[in-house]
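Please go over the structures that come below.
One chain, subunit A, appears in both complexes that follow, with subunit B as partner in the first and subunit C in the second.
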Partner chain A sequence: MSAEKTIDRLPAVPKPGRWIMPGLGLIQGLVISGKNAIQSYYKKDRMTTIQYPEQRAVISPNFRNFPFLCYDDDAATGLRCTACSICENECPPQCIYIVLDRDENGKSLKRPKVFDIDISVCMNCGICAEVCPFDSIYMDGEYEMSTDDRFGGLMLGLDRLAKSAEYHMKLRPEEASAVMAKRKAEEEKKAAAAAAKAAKAKADLEAKAKAAAEAKAAEEAQAATEEKGESA
Partner chain B sequence: MISDSSMPYSAPTLEPGEDDDQLLRVSLGPQHPSTHGVFRMNVVLDGETVVSLKSVFGYLHRNHEKLAENMTYLSSMPYTDRLDYICPLTNNWALAHAVEKLAGIEVPERAEFIRVITAELTRLINHTAFMGFILGDMGAWGSALMYAFREREKILDLFEDLTGARMMSNFMRYGGCRNDLPAGWADRCSIVVNDYGPFLDELEKFLVGNEILLARTQDVGQLPQKTLINGGITGPMLRAAGVNYDIRKVEPYGIYDRFDFRIPLGAKGDCYDRIMIRFLEMRESLKILRQALDQLPAGDYIHPKAKIRNFKPPVGEAYARIEGPKGELGFHLISDGTVNPFRYRIRPPSFINLTLLEDMCLGLDLADVVIILGSVDIVLGEVDR
Partner chain C sequence: MIFATVPFPSFTLESLPQLPKLLVEWLLMLVGAPDWLVSIGGTAAMAGTVVGVFLSAFALLSLVERKTLARIQNRLGPNRAGWFGILQPVADGIKMLTKEDIVPTKAEWLLHLAAPILIVVPSILALGVMPLGREWVPVNMELGLLFFFSVGALTELSVFMAGWASGSKFPMLGAMRAISQMVSYELPLIISALGVIMVTGSLRLSDIVVHQGDFYFGFIPKWNLFTPWGFAAGLIFYIASIAEANRCPFDLPEGESEIVAGHMTEYSGFKYALFFMGEYLGLFAIAGLGVTLFLGGWQAPLPFLGWVPTWIWFFAKLAVIIMSYLWIRGTFPRVRIDQLMRFAWLCLIPMALLTIPAAALWVFTGKGIVSWVVTVPLLLIPWVILTILFNKRLAPATRTYTFADS
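Moving on, here comes the complex of A and B:
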């Protein structure tokens, strides 16, 4: 593309002192602001303020604020979180703190004992929700969270973070149903795999039993022949 | 007043022992409504005339570059939103562009279109807000800013629906965008784009005929083209002086070579031209937006093999730049093959455009300094980083 084609020169504007009628521009401006003032009473795209809290703005389902943890059936046992610490490592301002729950032998229970998010540090970026491989952490749309407790009130623990899958479904139906379908498919796959494993185990057992029976039969047959031979 | 050379920045600005007691030293800022954030200008005045102007910044320093060297490539993306917080999506694109150049990642076509659409909407936001701010600098706090913010709000609603946040979008990813356009978004965007032209006509009529604006901006803050080029000035400030330099044309990135648009140029490079050039640029942006929304293809919004977690670009170095609303925004990255960048450097347009502030202001009145600073269009989040 030639350089000349891209050029779009500004039009010349008369310098101060050469105006035909000083003040005309000011009057024109006043007319425009008067028009705007009157239209702000009836024209919809010029009425921008709403009377919060009586009126509420419609918030997009994609709006994200602070994270929450999703659980399936029961808040205590149904948490999807496995305390893998991926979100803790990826969190840009490092506002997530996770402690893995272990039993008395030190074996991992694959669930968090402590899961804290300091929302005075959280920058609402949504990276934790993005990197979570267990469909556990999502961004909430809750925005009325003011508190007079600067420290405890802004430190969300498991009790305040855990929210049900139904809540997620209500918040973002599209995303939640996709996740549910994916989880269901995974569960079915798992169940199918377990069934296949069980069937295989059963088949193995049967084969073993058959082999044992055959071996026994052969042994018996051999014994019989031996007996026969002896008697002969 | 006491002057302590060991504390140059916190020391009082008045210094004793000067021969000429006719000079008046004024510290404009850091908390001053006309300085667009926490920015200080130490101005020496002879009567009303500026004799010297030294800018002091760093009050909003957040150590972004060093922080980014100690976190993953993905984690530094939300911090770029906070550089120039008026236009986060172009900042996102600049970083994504640099990382894609570093790692050689392909971007699907739909993602390129989404990027162009969001970037041009961001340019609209920035220039519209600029109109409000510059009028505020001239003492007209109110109407112009409110009209500008009313229209800006409509675009922010689109951004909220698309990215989840009005300003801190965190939207671009290495190899595409984070999510696809929501259902019906493109149609709503078309409505906003179609309504924007009449609004611009109205705003232009509202401002440009105004004699006070003409008297205060014409022939204020001019610099010769040579000085601007040598100073590394980019963006609308350079083009207002008549230099035909726009990275979208000079070094087309993304898919900008497919669109039909022109680069508006000013004649004199004074503050008036800097305001007008932005009106013309917004009209060109609307042209690009209409074309992009018409041609928006179906397909992937992110490259199917793009890595979100554990992303390690190969060892190497890359500098990529885009034409941000304020000028050339570039990211220089050096990778040592680990998850963290070895070096991460930003070339911010508003910081470099600010370097010629003193040259523009010398010999003018103090009241002109405020307008010149406004016409540079700085955001302190980007100046200080």
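Moving on, here comes the complex of A and C:
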């Protein structure tokens, strides 16, 4: 509409009425497509097809789909998850199901007995990974999830969800190393705090013992004076 | 049954395609069959050879086409079935055969059934009169060219039959488009072939090939393409043959973006495969006629290559023409129906009509230097004038795109 706005067109449009050889554009087009066809045989960068089952694309660290649970050393005991149920509560489609593990006295063992994710319901939003305070749940890069079992095959239990910290490191090195550094710092802090607490307890104990000893001594002294008094 | 010792007729590499015919005739004579049975058996074997050769060529082409188009688009194409996808046509055939055959409720079932069968028949009949080699002419008909065009026109009938019998709107629209396109492009196709008839003086296709046998200066073949009128007529024939075979960029009858699949919309399974087959056999027929009329048929392109069996030359030229069709299909977008019609009636037909006086002058002036001087301007000047007119007045007004340009 406005005359000052112009659009850059790719080829120069010939002025109407000037004689150009008819079919020139057609020949140019044929040259382009012919070049495409011939160069596809020797220029490897032209062919973008990845023949999937034999060849695989390198997936980006930012690629994410379903959640997995991270464990440190051993799949059975090293799970970071404490079954706090924050992810279960936050999950928008409610696809996470957690049962807390308890000992025979009913005391919490701070680990999940059951941790199920129904990936047929999961919408890959990543909120569970976002809210987890224990660096336990992350989004996975696994994409070969097809199954012939509609119900069991799409319900991932602990056995399929638990993946090692090394796997996380391999999948997304940047994020994983940051998490590792943070966890290490936290652990050191915790250890320091524990040490301080232990030292304090020891000091307290000593002080208490000292006080007790002093009290005893005073008592003895008093008793001695009383005895002296009686004898005198 | 009388067993007579009949000597097996000798054959050479040149007459290798005759082998099935000779074999059947020899076997029949060996068991003492009457002459009429030997003759029928030989003819049937001959026909079977032609049909078998072109059907296997069709299977191969359906793969080569997909591979070529894929390469033009920097893809790999089918490469899973067999070595380099060589078994892909077999897989396609099995798929087509096992698919459900659906006949719409509103379809006229008899016509609906007959159309795909009738579309294959004319193409095979047309291939029957083609001189495929010096000694390999299935039916050496005196009016071969006339037979070719009259049988080829039957294709339009079966296309319209399919469109009408499907009882649906898209096939009907597609068939109407197909008819208008095929009728329009048959005119330049036949008119451009007239010059060849005038120069040769015969409608027999093998005569036309023999007439193109010599060489200029001992190395340029005397094909009709290398004459002024022949070049113009050959180019017109080539363009019109693409339209006649319903190939891209003139594949409007099956323009899937507008009318689903044209007259083939309501067909499935093997009937669809028959349409496909008819289309490709028609492509072979029309390209083979182009080779025969303008590219010297089975003649060798250079004099010292005369030792190669002639049918190899025919199929090599056919392959080149077909590959050019594939190249064009991989390059150009589909034209609009008004562009298609304008191009046929205002550009191709006038130019095709001009090739007739050009061919007449060519013969009249003795096919020498004078002929070149006379016929080149006769064709070139009208062509330049036509293209100027086409650029200026006949082309549609430049469109203004209200939103895109603002």
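Keep in mind that, in the parts below, the second predicted complex is superposed on the first by the 185 of 232 C-alpha atoms of A that agree within 3 Å, B and C clash if a C-alpha of one lies under 4 Å from a C-alpha of the other, contacts with A are read in each partner's own complex, and residues count from 1 in each chain.
By definition in this document, a residue touches a chain if its C-beta (ideal position, glycine included) is under 8 Å from a C-beta of that chain, and two chains touch if they have at least 3 such contacts.
No experiment lies behind these values; they were computed from the predicted model shown.
K.L.:
In the overlaid three-chain picture, which partner chain does A:Ser33 touch, first (subunit B) or second (subunit C), both, or neither?
P.N.:
both
K.L.:
Does the superposition put A:Pro92 against subunit B (first), subunit C (second), both, or neither?
P.N.:
first
K.L.:
Using the touch definition from the top, say if A:Tyr41 reaches subunit B (first), subunit C (second), both or neither.
P.N.:
In the superposed model, A:Tyr41 contacts subunit C only, not subunit B.
K.L.:
When the two structures are laid over each other on chain A, which of subunit B and subunit C touches more residues of subunit A?
P.N.:
Partner touching more subunit A residues in the overlay: B.
K.L.:
Thinking of the overlay built on chain A, is A:Glu130 touched by subunit B (first), by subunit C (second), by both, or by neither?
P.N.:
first
K.L.:
Considering only the touch criterion stated at the top, classify A:Asn62 as touching first (subunit B), second (subunit C), both, or neither.
P.N.:
First partner only.
K.L.:
Looking at the overlay, what does A:Leu24 touch: subunit B (first), subunit C (second), both, or neither?
P.N.:
first
K.L.:
Considering only the contact definition stated at the top, list the common interface residues of subunit A for subunit B and subunit C.
P.N.:
Correct list for subunit A: 1, 5, 7, 16, 19, 22, 26, 29, 32-33, 36, 46, 48.
K.L.:
Which bits of subunit B are touching subunit A when the two form their complex?
P.N.:
Residues of subunit B touching subunit A: 71-72, 74-79, 143, 147, 150, 153-154, 157, 160-165, 168, 170, 178-179, 182, 195, 202, 205-215, 218-219, 244, 246, 249, 262-267, 272-273, 276-277, 280, 284, 308-309.
K.L.:
For subunit A, which residues count as touching subunit B in their complex?
P.N.:
Residues 1, 3, 5-10, 12-13, 15-16, 19, 22-26, 28-29, 32-33, 36, 45-46, 48, 59-60, 62-64, 86, 90-92, 123-127, 130-131, 139.
K.L.:
Provide the residue numbers of subunit A that touch subunit C in the complex, in ascending order.
P.N.:
Residue positions touching the partner: 1-2, 5, 7, 16-22, 26, 29-30, 32-34, 36-37, 40-41, 46-49, 51.
K.L.:
Residues of subunit C touching subunit A in their complex?
P.N.:
68, 71-76, 327-328, 330-332, 384, 387-388, 390-392, 398, 402, 404-406
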